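There are structures below to look over.
You will see chain A twice below: alongside chain B first, and alongside chain C after that.
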Partner chain A sequence: MIAGAWRQRFVARALPYLLIAPTLTLVLMFNVLPAFNTVNDSLYKPARGLNAAGKPPEFVGLQNFADILDDSHYMGQRFLRAFRNTLVFALATVMLAVPLGLLLALLLNRPQRLRSLWRFAVFYPALLPLIGAASIWSFIFSDSIGLANAVLRSLGLPGLNWLGDRNLVLLSVIIINIWKQAGYFMIFFLAGLQNIARELYEAAALDGAGGFQQFVWLTLPLLRRTLLFVSVISFTFAFQTVEQLQALGEGGPADSANLLLYLIFQNIAERRNWGYVNAMTLVLIAVVLVFTLGNFLLFERDERGR
Partner chain B sequence: MIAIRKRMLALFMLLSLFVGAAYAQDDIVIDFYFPSATANDAEGIFQGYADRFAEENPGIRINPVFTGSYTDTRNTILTELQGGGAGPDVAVMLSIDLYSFAEEGYIAPAQAFIDSMENGEAYASDFFPALMSNGVDEDGNIWSIPFQRSTPILYYNADLLAEAGYDSPPANNAELVEIAQALTTSERHGLLVPVAGGFPIWMYQSFAIAFGRNIVDDDPTAVYFNTPEAVAAVEFLRSLGAELGVGPAGGAAWGDTPVAFLAGQAAMIYHTTGNLTRILNGADFEVGVWYLPSGPAGEDGAGYGAPTGGGNLYIFDDGSKSQAELDAIWKWVTFLSSPAIQADWGATTGYIAANASAWEAEPLASLALEHPQYLVARDQLQHAGKEFSSYATITIQGIINGTLESILTGESEDAQAAMDAAQAQIDGILADYR
Partner chain C sequence: MTRNSRVAQTIAATLTGAIGLIFLLPLVFTILVSIRPENEPVTQGSIFFGSEITLSLYQHALKIAPWGLHYLNSIIFVGGTLLVQMFTVTCAAYAFARLRFAGRNLLLVVILLQLMIPSGVLLVQNFRMINRLGLFDTHLALMLPYWGSAFGMLLLRQAFREVPIELEEAARIDGANLTQVIRHVYVVNAIPAYVAFALVSLSSHWNEFLWPFIITRSEDIRPLTVGLNKLIKTTDQGAFYGQLMAGTLIVITPLVILFLLFQRQFVESFARSGIR
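Then we have the complex of A and B:
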């Protein structure tokens, strides 16, 4: 009897741990352990395990971090540029793709002919594999044979060197990202919109609120959680961008469109840079972590306040 | 349930029996990794070579593994080796990968194998010297064997040149500019040099060599990126788009260039010999091919020049392989670099067959007779120089590419200053090796 009760209590206590054990093991093995390795490896120069020029790697403390933040250092130049680009890219995506997704959702939430077709057309880019879509865009942006320039020239405007002009290439990458993401975000907003009770709008209409007022005072506040969620994922997606760059000139010319994760990927090729690669990875993780954590805390507080 | 399991087990055992039978125990298996940078059916071709080799060499089996692009191949091999895996026995990698793999101790020099051959001297000297330059270290030891090689050449639309009154292609930079300007219209570029898109260094080297000095020599710890010749070369290249307007400012993209040429939107282009077959087959006009024009030094032809490019055969051994395995590996390497295979590979892909006697073998000999353009690519090799390679090749190549792009796109106006800064960074890296 006592043994049975004890067993029951044991099972009740241990069961949750047993249930998360497989996931926990995987997370430890593939996330936590590599993260610790990354911290350790970031403290060596040129790279742990490489005897460059016959010399063993040296423990250099935070020197790798100092180098990647130094504008005259070859890696620092690239890192600082990619970091700036990534911020611009992330902010542009959040500030343009998210409102566009919301606008599309509002337009396509209303009953109209061929609504499903329109929704599908807008969502379609999200279904395409990014590397393929970006390759198609590389043709569209091509200088002499591209569609974008054909349109410009037919309007009597000069063609632009979309992927060759250092001032345009980041913009080109941002355009593709917005095209790709807006339809995806629309789905979240559509779901959010359909969760808002019809009666609220009916009541507001009875009280004399027009369409714009309904949007500002009803729709937006009730979509707050969706908006926050979509903004967070769009920001973190931006930090994970690699495919477009692979298809569109590899972040060039002169890194003018290079982004953080792609820069890290590029530098894995030579082991003597792995000290820097690990340092850059930690900075990337730190930024995403701070952002996600900040949002999470805001979100939690918001929930508790209700 | 149990019955099904038993049946599955029986099936599995039966299958493994077959597999076991097909893979005889005593066979030496050579893992051969290869990239493909062409649209051809490289997998099919290599399987054909492997079968042919197996017939001639009982007891040795080749396992050809397609590993993507050059970069993918390199990363695959590094990942396998650094993770403690076996890696390939033989692989095709860029000829400029030599020092990074030698530094890690992954590859074995071919020199020892050549020395052990009866006719080693003749074997090695049959390769075009320019194609050997990237496979040899500063002490003259041969590490890798040329396999799929290329150089940039000048393609010109002979019909357009003739219309404008030019019977022959430009021989030097002055003529190049003159003809390019004469053939530039609002619909057409006079000259496209593909330096946009991440990898300007290769085309740039053509100009550096033409201006009188390559940016590398035999010493893998030395780079000459801020010499007067190096600066003049990039300034000339920049002027083509920015001042002369014969091509887009900042240069053309790699993939666009042959497309524009075939569409009649470019009168002349610099591009790889690797595209020769495709361009000859795709053009509805007469395609001319000539040496890259010489630089200012070249009244006597001295300023001709192009870098070489492409992939070599590397032998992987960390010292643990048996003599029998090494012998088998070397047999496969000599098979792939034999005149017969080089002639076949060159004719099907457009790569320059790497040894002189391959050009007398079929099917290449007839092809060259039919299309003399192939011979131009071969003959330019006498003027060709070493492709950029040093210790820390990829890192330094990245610095050079970034600097060239920032000059060509107008971000760095002062070319000399930008190249001095780059040279200082490069010297900082190479100081470890000096």
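Then we have the complex of A and C:
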């Protein structure tokens, strides 16, 4: 009897830990530990455990970081270009796809003919695999038979080498991303719009505010949080969405459209670059971590405030 | 209705239609190209359908990769991932929603780290971890990193908290054990949250490419996206865009159909996925 009671208490005590153990173990194995290993391996050359047989890994301190920040170093050149591209890509997404998402939400929030068709039209790209979306666009952007050039030529303009011209290829990648993400961002704004009470608009209309004034003085301030939230996730997602490059010339020519995570992916099997790969990953982690944490704290505070 | 607002309505409707059409164009174009005869320029035959409607490009695409096998692998990948996730996420969500224990907040923060350091950016170290475990090129390697889901745990914890605690107490008095309580009190009252999580999980893994690509080698394991990659790489050399479009449609059609069937659930689920 006593042993049974003791066992019951022990089970009750241990139960919560048993319940969270699978999730916790997996997070430790595939998120926390790898993050620590990234820090550690970024300090070695080539890296712990992966060097040529018999040769111990060499501790080099912050040398890997110095190298990837050095424009004359072969990896530094690539990293700096990919990092700059990633920033441009992310900022373009925030500045173009997010406002477009907001516009789509405003347009599609009102009852109208064909609304479900248009909602499908702008949302389906969000469902496609990035690599599939990119393969569709690789055709649209193709030199001789693509749709983009057909449109340009029908307007009497010369066709462009969308995926081969180093000044254009990043732009092409950005266009695809806007098409892919705008509908996804739209749904956050739709949810936000539905939380705004109708009466506010009626009151504003009574006071003589026109549609545009209502948008500037009512809708925008009330959507401020959503706008901030979507901007931050679009920025951090941009650092993680690189699979399209696989179908769009692999970041080339000459890394002109390469993105950071894709550069890391390209070097994953290069043993001599292991230290650099980890240093670059750490930069990526830092960006994603800071912005996600910021958003999360903001979001949580909001939840508690309610 | 004033004249002004009628003008505004017309402008809004036109703008909606214009943007909608532009967004639809790639899909329409893809479908049209995939049913044209091979290598037939757009200027030949009917602009929309070419000189005839044919599925020959699909036959070509089918020859390049074993799509049936890739379909099976994709289903195993997303199905196996979701199945285990459902279990781990339910357990953890219940613990964090209803039980008090030492270190609860700290452990919650550790799990939430997954949202801040997503597996996607840890590609390199996770590749190494899988190799160390001797799991390279297995179905398990694909799924394992995703079996714990902080996003799902958060979603369900919230749903579980909204279940009145009296329901659990009543079930306990009736002699229900823990498994029964979780199943009959919590799970049944959190179905919308499960649907949301399932749709987000299914679609994100169905679409995933980098991880399956680096962690597998044999076609017996590789999912659809990796098969599509093979087709893309063939296209590089000869610009067989028609068959690439056919192959792309082979890959994306199931999700598009799923979306058409569950449009509202999809939109609602994705609206909750910002923290994923």
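FYI, the second predicted complex is superposed on the first by the 263 of 306 C-alpha atoms of A that agree within 3 Å, B and C clash if a C-alpha of one lies under 4 Å from a C-alpha of the other, contacts with A are read in each partner's own complex, and residues count from 1 in each chain.
Simple rule for what comes next: a contact is a pair of C-beta atoms (placed from the backbone, for glycine too) under 8 Å apart; a residue touches a chain by one contact, two chains touch by 3 or more.
The model shown is predicted, which means the values in this text are computed figures rather than measured ones.
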item	value
Between chain B and chain C, more extensive residue contact with chain A	C
First, second, both or neither for A:T25, with chain B first and chain C second	second
Which of chain B and chain C A:F215 touches, first, second, both or neither	neither
First, second, both or neither for A:A35, with chain B first and chain C second	second
Partner chain in contact with A:I268 - chain B first, chain C second, else both or neither	both
Partner chain in contact with A:Y201 - chain B first, chain C second, else both or neither	neither
Touching partner for A:A126 - first (chain B), second (chain C), both, neither	second
Chain B versus chain C as contact partner of A:S142, first or second or both or neither	both
On chain A, positions contacted by chain B and by chain C	142, 145, 268
Chain B - residues contacting chain A, complex	71, 74-75, 78, 82, 100, 103-104, 189, 196-198, 248-253, 256, 259-260, 263, 265-266, 391-395, 398-399, 401-403, 405-406, 408-411, 421, 425, 428-429, 432-433
Parts of chain A lying in touch with chain B, wherever the complex brings them together	49-50, 52-53, 55, 72-74, 77-78, 142-145, 161, 163-166, 249-256, 266-273
Contacting residues of chain A [partner chain C, same complex]	13, 15-17, 19-20, 22-35, 37-38, 41, 103-104, 107-108, 110, 112-114, 116-132, 135-140, 142, 145, 147, 150, 179, 182-184, 187-188, 190-191, 210-211, 229-230, 233, 239-240, 242-243, 246-247, 261, 264-265, 268, 277-278, 281, 284-285, 288-289, 292-293, 296, 299
Interfacial residue positions of chain C with respect to chain A in the complex	4-5, 8, 12-13, 15-17, 19-21, 23-27, 29-30, 33, 41-42, 87-89, 91-92, 94-96, 99-101, 104, 107, 110-129, 144-145, 147-150, 153, 178, 203, 206-210, 214, 225, 228-229, 231-232, 235, 239, 241, 244-245, 247-248, 251-252, 255-256, 259-260, 263, 266-267, 270-271, 274-275
